[in-house]
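Listed after this line are the structures, all set down as structure tokens.
Next, two complexes with subunit A in common: one pairs it with subunit B, the other with subunit C.
Moving on to the complex of A and B:
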């Protein structure tokens, strides 16, 4: 009986410790910017409801972004983004699954700013490509801020820009990540 | 003489059409994303019903609700405010990890003060989709540009 109680306690303890390794947000911000020098206005949008989960023990990191959640200043731009470019009805989500390659250099128990390298697979518009990005993790008061930006070549993801506006929309969009992660309890 | 008059009339019509097209194009190009405050909801739902619809058949529910104005009635589970002052109101049942997450239109952020935790609230917003529970965080239906309504 004692053995069963001990085993049960061990399972609960393991689960609790494992949960403390994980941090998450459901309100991560992903900024998309395809502005060029010849764009008549900024071609950019922001998604404020992105999901991010990070395992501090393994360095695994995962994002999920609903494409319809990108908000643009101009309604027409938002419609074109959803209907013509990323076809969000057909491909509603963009996902990233990867890991922090220098996770061992981050001390999650000590407040500070840590430069990180992230490597993984980005799936957008039905296409999956390898992505590498430099970023930083800021550990402060039990929370982790994750910031990074990286370029994405739209053609790699079969996102085609109509000839008419080809010089006004960047072929390489800049993606900026800004998430504040809380411990998963 | 008659030919000349006809040509003049045709040119006048072309000019009027051209101006009309230019004005329409200009207005359309500069059209801002409108607030939905004066728009009628396409669907009025309870959190559990819409979450169940997406859980049962995400594709069908996305076709039905995606991009539509949804009015949701339920208990306020959580009020999130980010560093830039953007609010997200989480509506649903406290016993479940799944919720409807309403990202408040920043023009109406001040209305959030009227909400109370665990009290009923009515919000409407544009459905942007569903995050299924693939990471152990519960499933969420996401509404954007939300405003608080009376009922």
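Moving on to the complex of A and C:
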């Protein structure tokens, strides 16, 4: 009996011990741009309340973005984004779950800029696809800035662009990530 | 044997414990704090701020202007000699402005009776979800119309106020599902002037409007008003419009058939003379183009 209690304690301990390795933000910036070169107006939006959590020990990094949180310059564009393209009532969240593949090369205890490669699964509009991106981590004063940009092919996520607006809305969106992570306590 | 099994179970427990940790959902560590969902207003119950003729529960976004061009053609039952009504057209041009999430104003002018009209629409309560949610939208509309035709009889003293009419409306609407919205709108129209003393100045009506989405960019709409007291019983009928909303990039086209010609509340509620059972129905369209006047700075 004693042994079981001890082992249960061990299980709980192994789960809890790595807490200080985790960093997070609830105010991450994610910007997307799907403007074609021929478009008279910018087709872009920004979400300033994205959630990002990373585990420096394992290199796991995850994002959660509420689609309704994207802000646009034009209200109509925001309406079309939510209603016609990403269907944010049906698919409220976009999530990314991945890994920093070269996590070992980042020294989280030393200030500096570290190039990283991130690989993982992006779930958007009900579709999950593998995504790879190059980015950089900036460690400074106990905080980690995560920056990356990568293209997303909208058709991969079953987001269709009607022929009528094909000259304005690109088939490929450029996603820019800009998050400042703080230690998770 | 027993000890071996017990130890094996314990070992499995330890292993699964650490394995679960390796793929753990990091997001749960942060997300769990927000157990109470934030209050969120339900938007886009209708594609436009009008169902067809009647005001809808939908508002313009603040800082936008909606330029509306409305056309009503002649009765379709006139056949080929009037090209099913297309030879005649009546129109209204309007400018609506979104001032706040729940406040908009607008002006317009119709060729029918050369009427100028203006209105405001304000929602003290809006349908929302999350903490402190409310199940439906309550909006009030107040409007004024002015007939600018030359005086019919110049031999008498004509008062300016006889040109005016007012309307007051309450809209109770709910977006039931992504594709289905329904609203009721009790309305009172007050005419300052009616031709005969036997006719009522105040007309009471109950509007029922709805939308059923077919695709992401297309919807069926309907808009009906029941008159409790018409100006003249055998002349004025309940307006009924059936339509289809088509949304292209920047425009909303509302194509419809209706027995009314008028395009403001006074005209279509109190002066609809067509009858559906006699196919005195007109084709018409509303064209709505929304412009962003004030950019919401997001950078």
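One rule holds in what follows: the second predicted complex is superposed on the first by the 168 of 185 C-alpha atoms of A that agree within 3 Å, B and C clash if a C-alpha of one lies under 4 Å from a C-alpha of the other, contacts with A are read in each partner's own complex, and residues count from 1 in each chain.
Following the convention adopted for this analysis, contacts are C-beta pairs under 8 Å (C-beta built on N, C-alpha and C of every residue); 3 or more make two chains touch, one makes a residue touch a chain.
Keep in mind that this is a model prediction, so the values were computed, not measured.
K.L.:
With both structures lined up on subunit A, is it a clash or a fit for subunit B and subunit C?
P.N.:
After superposition on subunit A, subunit B vs subunit C: clash.
K.L.:
Report for A:45: first if it touches subunit B alone, second if subunit C alone, otherwise both or neither.
P.N.:
In the superposition, A:45 touches subunit C alone.
K.L.:
Tell me which touches more residues of subunit A here: subunit C or subunit B.
P.N.:
C
K.L.:
Looking at A:74 after the superposition, I want to know if it touches subunit B, subunit C, both of them or none. Which is it: first, second, both, neither?
P.N.:
In the superposition, A:74 contacts both subunit B and subunit C.
K.L.:
Go through the superposed model and pick first if A:92 touches only subunit B, second if only subunit C, both, or neither.
P.N.:
first
K.L.:
Under the stated touch criterion, which partner chain does A:180 make contact with: subunit B (first), subunit C (second), both, or neither?
P.N.:
After superposition on chain A, A:180 lies in contact with subunit B alone.
K.L.:
When the two structures are overlaid on chain A, which partner does A:53 contact: first (subunit B), second (subunit C), both, or neither?
P.N.:
Touch status of A:53: both partners.
K.L.:
If we overlay the two complexes on their shared chain A, which of subunit B and subunit C does A:26 touch? Say first, second, both or neither.
P.N.:
A:26: touches subunit B and subunit C.
K.L.:
Quick one: classify A:113 as touching subunit B (first), subunit C (second), both or neither.
P.N.:
After superposing on A, A:113 lies clear of both subunit B and subunit C.
K.L.:
Quick one: is A:83 in contact with subunit B, with subunit C, with both, or with neither? Answer first, second, both or neither.
P.N.:
second
K.L.:
Identify the partner contact of A:165: answer first if only subunit B is touched, second if only subunit C is, both if each is, neither if none is.
P.N.:
second
K.L.:
Do subunit B and subunit C touch any of the same residues on subunit A, and if so, which?
P.N.:
Residues common to the subunit A contacts of subunit C and of subunit B are 24, 26, 51, 53, 62, 64, 68, 71-76, 78, 89, 184, listed in rising order.
K.L.:
Applying the document's contact rule, which stretches of subunit C touch subunit A when the two form their complex?
P.N.:
6, 10, 13-14, 17-18, 20-22, 24-27, 29-31, 40, 43-44, 60-64, 98, 178, 216-217, 247-250, 290, 292, 295-299
K.L.:
Give the list of subunit B residues in touch with subunit A in this complex.
P.N.:
28-34, 62-63, 66-67, 80, 82-83, 86, 88, 101, 103, 127-131, 134-137, 140, 142, 144-145
K.L.:
In the complex formed with subunit C, which residues of subunit A make contact?
P.N.:
3-4, 7-8, 10-12, 14-15, 18, 22, 24, 26, 45-46, 51, 53-55, 58, 60-62, 64, 68, 71-76, 78-80, 82-84, 87, 89-90, 95, 162, 164-165, 168, 184
K.L.:
Give the list of subunit A residues in touch with subunit B in this complex.
P.N.:
Per the touch definition, subunit A meets subunit B at residues 24, 26-27, 29, 48-49, 51, 53, 62, 64, 66-69, 71-76, 78, 89, 92-93, 180, 184.
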